[in-house]
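Taking it in order: structure first as structure tokens, then the write-up.
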């Protein structure tokens, strides 16, 4: 039960402060313009030179002084026409009202705030900003490492991920056996884990991912399965066609695995690190295991060729605040969290990247980077 | 520890079944085409007329018979070239292999399946289907009731929700005080709960929603605040302009409240029910309280003018499986759950509705419904 | 928009049904005893031999017939003294009221129900039943496989897990490098990931798990670290002391790893399977990766020595419904889900096991199993 | 892409720093005692008077200098016996190694840390501390306001909540209609929402909560239903018997409602505030609506009779990080979050309170407060 000290009102800033100003409410349940809006923190109001605390403190209300000179915190709906209400927006005492942020815990940066948590589904996502980041990275020859979980393949996001690979936004893909298995299952059978693209079960569906694995093992490698026409579209197909390097890391959940999967986790880490050391941006989608593993290896900063440093742009997308917070709690503090469904994220991000490219196209005319045509 | 009976193999279907067929594996770690893919359920293999259970049962593996005639479940990676592997895709005994679904609990509909749960972020969302539903409802004069939480306003979804109202897809809006407060805060101050559209805090931001409420209370009603030019865009503005009826229900969390909010919850229920009784479709977004309240009043069916019944299309969108499952657990079994971020849902849904309208436009040429022009 | 057929009221069960019975409400807002409580499904009421649907259908309300013979669904609070209200609890028509469950989707087992979803934090957990299962398994020499994530070690559950190992309730422990690392960090430094048992950070804390790993690598193995007195308590210490076999599976997230960790995921799977094939019960706590990996290998049933089969008791504990549902969606349908914090689960489970043992102790007196004394 | 400045190494603290010290690794894959454990932040190592950045930066690794004098960040497993490894635990340059926390975002308090997020299911809960708080509050005549959602009644927590009321730990109970409805349903019918205490459905169960409401409405009030023997145990029964004041706030989800429920939300707020203004501690369990509503009215501090201030102890319990974070994001920054199942929380908290009381009993002998005997 932490004790909260009262301010020392002998300090210069308080000594020179004016009395708080009170103005009559214009109507029942209506406050004067510029009313002071309260918080739940200790609040001091200067009345005739004296700093006093109002009764019934609570947030989102007004400060009222009654006929007896008693100060109250009063809800808007309970205010009557003519009641004297404090006005002012400053909380630092300079208008006669002081809010102590000592009790605000880690948020004591001088102001009471809503929405202070770092990771929340309620925070808006600035897709235009993300799109600009990606396009700039591509233009300046950055190295964008994508880290993805199978949710991307279970859903319609597969087409969007393929689009990002085909259009030069993916420098390396770090994933597990399951991403490749379900992507290839989708190419061969049109299902993922036996579920169709619209979420229906298929007869015998539970065996389809095993049949997909078996076909690639029979071909000898993913590359040969692509060449042989066994795998004709999707994420792995795009990686092979565009020669985008990928690392498929093994896990104890794996069926098969597919040829090329690193079953040794130390070897897999070495293969991942060959890409994280080159990374200038990281995008992590719908995977706790691979995101945290990559976060373990990823510097929080990029060293530019000229020796300057800047923060590593690191995006982490998941349906749950928990995964993003966990990534941060494992030391990847620089991660910017997006709390949403991976399928929807991919679709909107692609849309905004296309708009960003269109915008550049019309304004920069001749300077359109050749890579867009890929 | 429920006991699971063995099948009665004297039954006709088993008596007439053939022996299982075994085929050599073509290479190390590769299975023959059409291998039987195992489940974790009790499995019986007919060998020389006898139904036998294999050793080491597990899912996602193959059935192998060794030189001594012993049956094994064996992982693909452990199979050697020439090993005899069972083939067949039927699990009903008709190809000599029988999988007992007695142990599969409520899923005992004769087949082992993945992805059997009803509500999951891993289920794909068929936005085209949802868009078609909305457009058809509008065309046939349906009554689409929208139920929304403030997440829709905290984020960029506000513009998309406004678009749906302006374009005739919203017959009634059921929400709480907070939806209108933050929508109006956004119109007047450009923030929601003091946070800008890109997620930044503003100085003095915690009081802005109170100032927004106060301005509307001073105007007398939301309608008058729109007429007076205090509120110039957004959801409530669109409702007023398009004369879309809305019900703002009070709750104990409310600041203000805004004029027009039903502070009496029984009166609010009556006002809501005036719309649920007319509903032919319901869309519930990012609110447990209002979704379950509406679900309580909403029939699971629509009675057509001709007396036939059909299921009430009911969409429930939330970031968490829990809210959708809870709605179902409170009796709204017909709800189709979409597990995603409300902002992203609205944006993609609008995109698909625009595409659906474009498609109809080009194919139906002259028959374009006048309402589209709104 | 699925169509719902009306029942065929010429069928015998309807033909022989009585008219519904109506009784006056005893007071305003009060219903007669045995009032019929409505659902949101299509409902038919027999009035003078005719089956009719009431107006304003909704759940949790009463059936009222007005003076004009019109049937209404009416909320309790809107009923007035003397209003004629239908009574009866049967929904099958036998008391003159029929509820069609055709529209109830997969729940069409003849009754409208709340709380039908399988996995929910709202479902009560019968700890006494779980405790009995564990004690019985120990008494009959069952093979209880525990699968645990590091949440068990980050928190106070470590002491409880140690207790279960020391008291003979753990036949094998399947986990990852991190469980052992943080358990050993706790033994040597009193922290997990540098956080104390009460959740405080320590100076230099981020390196402590690396120092713990280094000490065990210097000792050569976990066993030797225990013998050398480097590791003096906790989960791994208990496994070594009680000779409980454990499998530590490698993953790409691993630091170190500790000696004895299977870095090859195929080898790790083989080591896990040596235990899953013997399992007669499985307990999975706070791990998606290891739970699903184990689920992949675990039969849904146990074959008793006498050839009979019974369902494999499989408990899955996680903070999120999603993990439990995902385990089921990957085919482990038999899993019983407990949605709670791992720390709290372990503590209460231990409490109930202790009570169960006490109960047996007093009633069975001399028959107390020797193993309890361990 | 925020730029991160290099430190000014001309500053006194750097000028006086020693070179980093390197020590040979004792064996392959083993580091020297006191090795420096790396972070993902910009790191500078003083070698022959010069501050240099190592190659391949990543966290959880060692600093190695090779024969050519090149600095590397190297994983423990890749170190060979005799490799020269930096030692030291200080990150402030005083041992020749400096870690720049400029890039650590809001966590730039001079140290890289794990587990920095405020609300996480991975944080341990100090039940002993919470128990002590409650017991002390009771002893000193504090006013403990409990705010609860229906999860407390759906589950076995009902008995524990009743215990807290009966034993003097609840000064006021703030809840909704549903809490009282299901508590009374449990008393009369032994079910909640028609589900038994072990989670089974009952025939006709969906109507039982309506029958419970009807019985109380027929009795006239909860108090009279208790007196008449209609309600014989549970939470409301305990409140009536112990004269603990309660506020039941109406919502649009309510069935009935029960007599005494405030259907007007403004009146409900006034009734709640009568208790929040007296509160010296708040416990909020499994309710977003009521917790945030209470948080809106609750000061973040307690003014002691002697004029000193201290932080208001505010506990918020929920299964999801989101609810706790949302409470904080609505301004109740002082809330301490416990992420767990409400049923388990209540059970363990009671256990620890009983232990705390036992402990006081034996140590304080004669000074046992009379109130314990209740």
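Each chain gets a letter, A, B, C and D, in the order it is written, and its residues are counted from 1.
As a convention for this text, a residue touches a chain if its C-beta (ideal position, glycine included) is under 8 Å from a C-beta of that chain, and two chains touch if they have at least 3 such contacts.
Just so you know, these numbers come straight off a predicted model, no measurement behind them.
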### Message
Among the chains here, which has the CA centroid at the largest distance from chain B's centroid?
### Response
D
### Task
State the pair with the higher C-beta contact count; candidates are B-C and B-D.
B-C
### Separation of chain B from chain C, taking each centre as the mean of its C-alpha atoms, in whole Å
23
### Message
Quick check: how many Å separate the C-alpha centres of chain B and chain D?
### Response
31
### Message
Can you list every residue of chain C that touches 2 or more other chains, as numbers and ranges?
### Response
39, 59-60, 77, 112-116, 121-122, 193, 206, 255, 257, 266, 269, 296, 319, 322, 329-331
#### Entry: Interface residues, chain A side, partner chain B - complex
26-27, 29-31, 35-37, 39, 59-60, 76-77, 89, 111-116, 121-126, 129, 151, 154-156, 193-195, 197-199, 201, 203-207, 209-211, 213-214, 217-218, 255-257, 319, 339-341, 343-345, 347-348, 351
### Task
Please name which positions on chain B make contact with chain D in the complex.
193, 206, 249-255, 257, 263-266, 268-269, 272, 288-290, 292-293, 296, 319-320, 322, 329-331
### Task
State the interface residues of chain C toward chain B in the complex, per the touch definition above.
1-6, 39-42, 53, 56-60, 75, 77, 103-107, 112-122, 133, 266, 269, 273, 276-277, 295-301, 303, 308-311, 313, 321-322, 325-326, 328-334
